[in-house]
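Please find the structures below.
Presented sequentially are two complexes of subunit A, the first with subunit B as partner and the second with subunit C.
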Partner chain A sequence: MTRSSDRRVEIRRDPLLTEKLIYSVGPQHPSLPSPLELRVQADGELIERVTPELGYMHRGVEQLVTQRNYGQAAGLISRCEWLAGSNADWLVADAIERIEGITVPARSQWLRTLVLELSRIGNHLFWFGNLGLEAGAYTPIFIAMREREMLLDLLEMLSGHRHHHGWIVPGGVRNAPPEDFSGHVRAFCLWFRGRLDEYEDFFSDNAIWINRSELIGTLEPDYAFEYGATGPVLRASGIAHDLRRDQPYAMYGELDVQVPTGEFGDVLDRYRVRFLEMRESLRIIEACLGNIGGDAPLRDPDVNPDPEALTVSRGEVYTAVESPRGELGLTLVSDGTNRPSRMHLRAPSLYHLFLLDELCRGYLLADLFVIYGSLDIMIGEVDK
Partner chain B sequence: MSLSLMLLLQQRYDMSEARTMWEALRAWLNTEPLPGLRFSPGASNAIMLVTALLFIFLLELLITIGLQVWERRLMARMQGRRGPQEYGEVTPQRFRRIATQVGALIGLPAVLYGVNYWTGGTADAKLFWSMAILFLALGLAGLLYRHLLLPVLNANPASGRGLLSILKFKATLFSLCMLPCFAAAGGLALAALLGYLPKAHIPFLPQLTVLCTFLAFILYMAYMIRFYWRQGFYDTIKIFFKEDTVPLNADKLLYLIAPILVYIPALLSWVVIPFGVAAIEGQIVYYMIQDLNVGLLLIIADFAMFLVAVIMSGYASNNKYALVGAMREAAMLLTYEIPMLMSLLCVAIFAGSLNLTEIVQRQSMTWGILPLFPAFVIYLVVSLAETNRPPFDLPEAQNELLGGYLVEYSGMRFALFYVAEYSNVFIVSAIMSVCFLGGWKGPMFLGTDGLWLTSLFWFLLKTYALCFFFIWARSTMPRIRVDQIMFFSWKFLLPASVVVMAATALGVVNRHPWFSANQLAVSDVDVTVRESVTQYQTLTTAEALAVMSVPEKAFFWGYNVLCLFFGLFILVMAWRILFAARRHPQPRREVSWSG
Partner chain C sequence: MLPEELAGRIREECGDVLLLDPARAWAILTDSGRLLEVCRNLKNIGFIRALNMTANHLGGRDFHLYLTLRHGERHDASLTLKWKFTLLDEAAEPEPGEESAPAYAGQSVHPSLSLIWRAVELMEREIFEFFGIPFAGNQNLVGLILDPQLQGFPLRRDFRAASHENYAEKLLEERADRAVRGVMHDPQF
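Presenting the complex of A and B:
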């Protein structure tokens, strides 16, 4: 198998001048969990063009945050990233810390790393279930949700919320973890490692799944680079780029983060890379667990503990985090008041969504959904 | 026209020779069923037609709802879901209660029958007493287990695994068997006391059996409807009252008649399925509406008609998704009808008949799955595609085409599609068990009198085992893509089915002992069937091998290699599913760590 060989069907010129079929997939469609419309131009089932139509979920978050204080702004930004909201919390906190020059205590950094990795697993679990549904398998969504429920319970135990934790605040974290937290996390890791094996037993080696995903939606590395793909999508194409390793933030510098890469950049590679990432996250979580105990302070005592009363001095900063979907970046411009002057979110899903046309041309209609699922696109990021 | 049809029926069937339950009922209607009540032949025919239609309709509805509810619960269990489906109102206590009640009701006459049959009517009081004491001891053991051991085990969390779990299972089993054991002991002691024992014929036993079975059935159905099927019935009733919509610019006539055309073949197929057999006054009577000589052909034709109606509905809906679903259905129709025909032709050639009851009777010694194994495998795969079940549910792919040809239908018309689909699952399973698994054949442990019950039991057991396979496949497999189905069918299934059919035909035409060995037309238990022509030697497989000539032996081993190939195929798939994946994590291809 060479890199250029994929199972694309050549789109031929049509001598009969038959009418093209235009499917309007979405905004209500069982395969699209959030409102998005895909205009699919096809010759029968053969896709010739995919045009994403945005705007069904536009909330104007970037404008709204300029009228809110920093605590409220963090909550709104987190609503763009609802499967792994801690990443957005971390971004806002980190931007403020950079402008103000606040140092975060080491124990808090370890805790932040732990929570970021827990939300990565949670997001990948949701992705796995969803991808199964898109491929027509009914069971993955249920078994993945079973474990995700345990994970949400852990995060609720820590922060009091299941989805939007608001637990990472400027200067540290909001509260100390309960006493038995690390025991519960350790038990979860033990349990979940077995369950990951179960998923792979059940789905990864399934002959139908291999046929559905192998050499489907192949993404060349130079294309991936040009389109601005990041995260698992870029890594599946063979480029080992991971912010956790290349620009270490939080405590990732102390950890030896392994970066899995794929070979062909097809659906199967994206699938495998995400599964290896889940195993790697488990390893990182277990490494964090040894450092989160003790009585060390969680927050710089100089920082105002109430984020809603926070005033940030004049400045401009860009900070980025390796979210489960790729590089999630935040540009913050502050003018010395308690409201951000400008906030912009660099959402990886937006870049991946516009890969869809390139990836789907020449494949069948059934492949569109599997490719869409493998990109792990979240509309909350696309339509801010 | 209907009058002429009835006259035709009248001429066609001789009343004195009733072969099916339907005809037996007609014969009964014609013999003055109540004093002074006589039906003209036309009236009895009309009554029979209406009865048959009602019977099929109700049976189909019941089995469909049952199958659908069973599928829901089974898939919830397979997917490890916890929720209302899992807990519901079905508590272990309720299940235990119904199991013991039904078990006691069935167990009492069954034990009496069994003793009566196995001892050949020569049992004396001593044997009965000893059996009564044995059952009493078993019941007492169950009592002890239930009230002394089980509470302790249930309270102990360690009893979930290891040796303790075996003990727990045993204790549960014994306590479940407690009431039936007491009932059996009581029945045996009663029989011994009444002094009926030395006789072969226990008085009132048939009446007792009918009464007990009827009570057990009523109890069971009440339980099922109350706790299991309730949601299914609610859904059915609800869907009756939903609005029947017709999309704008649809081809209205086709749109409206397509569900009916889907439903009719699903209804028709039930006419020829033999559910079982009963011995009435020394004559064999089949549980079926009509014992057609071309039953298999009717079933095949029904499936073709079903697919055409589906294509019609997809076309008439004036919806892109429905149209694509219909196109996929058309492609699958062309692709899968031929291997299905070929594999069923193997059965027809083997049995020498298209009559489903004769096909079953030919499998008296050996089930068809043994000599016709390749055909069975092909039909198993094809039947999934025939019924549009996952992983071949392309025409209605929920996640891609939003239900495909079903997308515009609502209310009763949608329900017709739905009923037809589930009824097709049952029909396909029934055909598989009739053609390959010996239909109602099995150890007839209740003797000639109980033939009606045991035959039904074996038939339903086999059919539901195959239905389980359908549900299992649904919860395991992703959906196959349309071009992959085409490749698989045209490049593998079609040539394979042609080769298999040719091999079977050659073997049968040349009177090859491998196929003729198992052609012993044995009737059920000791009732004589009508004379059937046996054109083959009646040899066992070993004897047949001994008398084969060299070319025959070559054919035999060649065919066995073919069987072996399919057997290996199945084994490898099963191995992959069950064990092979234990080697994880081990990426099949290069996914490198570049740290």
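Presenting the complex of A and C:
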């Protein structure tokens, strides 16, 4: 199907000067998975303005981390990004390794890459389920959670935790995978590839879904660039930027990472880009599996495994990871003690959330949550 | 990472005020007074994407600010710029033709970079809220996350419980008062 024109309606000045309606959506709302208030100004059913009101989930994480050791700080940062918390673990570990000049053993880097990709699929599954709910379809949440549970079982098998794994640590990873781990991951990949085909059959080509998403919430590439969009939101607008390929970390440099892009930057493109990313993640995971076995060391022996005793030399660094939502960045300032002097999280969701005003203007109120769902906003990383 | 050809161009355009470390993609601005000029030059070189900006309170009135940029075409090229800012008592005199910031009288202001990179507007709002650094020229300099009634700036080193003494009690009183008055929502759009 070709898409020819935006379905955005030009907002006209009302000659009768009727009163605009302001809807307050949230902070607790069935369509909002996290607490957030959206103030929506509408003229009839046409959205004129959307203003996000934040702070309902603020926990003072950036202040708290300065009073805790690096191990605890990583745990707190991970709680800003609970659907793919390993990304936050990686950020903290990488920042410390950059300051200290630590070389991570290759086997650990392969394992880290594998876990980051498992987390990406887990996040995208959660997003897919939620997006279905936003669009009024109940089936996706059930099937997505079925697959996500299997994936969480794998991560639990590896780390002992289902959500905040704390498994990626400075200098390597915390422990070796169990013997049968590779077999379980292979079986999951085989199973999940079949399920992806199934999703595509009943959802991606569904006429109702296409009608709800095609040419809705279009984002121009220049605008996306200018306002800080990253990740699938940026790629759906046609810009092939992915840190895994462009500034490779872990073992992504050894893998030929394919970067899917969209053409129109609408809800449908953001949806398709994430689906293609899940397929690419499966390919990366399978490539990692051949390199995680053996008896090679998993951790730099010079790094103190006791988080309380781990001190980091004086230094500053900015590091970033291609999280499922976009560029998740960390600025770390260390003063030579075992506590960070300053830690700042760059949350991709913050920038995507403030795109809502531009994305929703001129569309119908019914489109608001489909557009919101397509952005995959994580309020935990925004409010911090 | 900062490719050598871009590092060469940056040295050409702003070499006298930047200590550049291409291996770390890091640069320190030695003359903060030339911040706007350096930022415009970096944008002209191709760093059209502002990814991140944050601050660190050094104590007293001194802050470090960090801005991370990425090249528009060379996706493998990024740069973090660091500079020092000292908050003065008196309000800075605006340049002729520039917008003043009378709301921050009694403090100095930092020039806003949001006119160069639009995404910086959100980053400056965050810094303003947590560090109390006002940015002259930012058209929407209001807090993002914190309760507007909170006094003080939580990420300053001198932020103590005293600055939000009885904060929780006051908040509860306020909520109780609102409940008595039947105020469910205050639509200040």
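The working rule: the second predicted complex is superposed on the first by the 380 of 384 C-alpha atoms of A that agree within 3 Å, B and C clash if a C-alpha of one lies under 4 Å from a C-alpha of the other, contacts with A are read in each partner's own complex, and residues count from 1 in each chain.
Quick note on the criterion: a contact is a pair of C-beta atoms (placed from the backbone, for glycine too) under 8 Å apart; a residue touches a chain by one contact, two chains touch by 3 or more.
Quantities reported herein were computed from a predicted structural model and do not represent experimental measurements.
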Joint occupancy of subunit A by subunit B and subunit C, clash or fit: fit
Partner chain(s) touched by A:F354 [first = subunit B, second = subunit C, both, neither]: second
Partner chain in contact with A:R342 - subunit B first, subunit C second, else both or neither: second
Touching partner for A:F192 - first (subunit B), second (subunit C), both, neither: neither
Of subunit B and subunit C, the chain that contacts the larger number of subunit A residues: B
Touched partner set for A:Q247, first subunit B, second subunit C, both or neither: second
Following superposition on chain A: angle at subunit A, subunit B versus subunit C, Cα, nearest 10°: 130
Contacts of A:W127 with subunit B and subunit C, given as first, second, both or neither: neither
First, second, both or neither for A:D201, with subunit B first and subunit C second: first
Partner chain in contact with A:T331 - subunit B first, subunit C second, else both or neither: second
Closest Cα approach, subunit C to subunit B, once both complexes are overlaid on chain A (Å): 10
Residues of subunit A contacting subunit B in one complex and subunit C in the other: none
Of subunit C, residues touching subunit A in the complex: 1, 24-26, 48-52, 54, 56, 64, 66, 68, 72, 75-76, 78, 80, 82, 117-119, 122, 130, 144-147, 154-155, 185, 187, 189
Contacting residues of subunit A [partner subunit B, same complex]: 21, 23, 29-31, 44-45, 132-139, 142-143, 146, 197, 200-212, 240, 245, 256-263, 268-269, 272-273, 276, 279, 364-367, 369
Interface residues, subunit A side, partner subunit C - complex: 22, 24, 39, 41, 51, 54-55, 58, 60, 62-63, 98, 225-228, 230, 241, 246-247, 316-318, 320, 327, 329, 331, 333, 341-342, 344, 346, 350-351, 354, 382-384
Footprint of subunit A on subunit B - complex, ascending: 75, 78-81, 320-321, 324, 327, 390-391, 393-394, 397-400, 402, 474-484, 576, 580-582, 584-585, 587-595
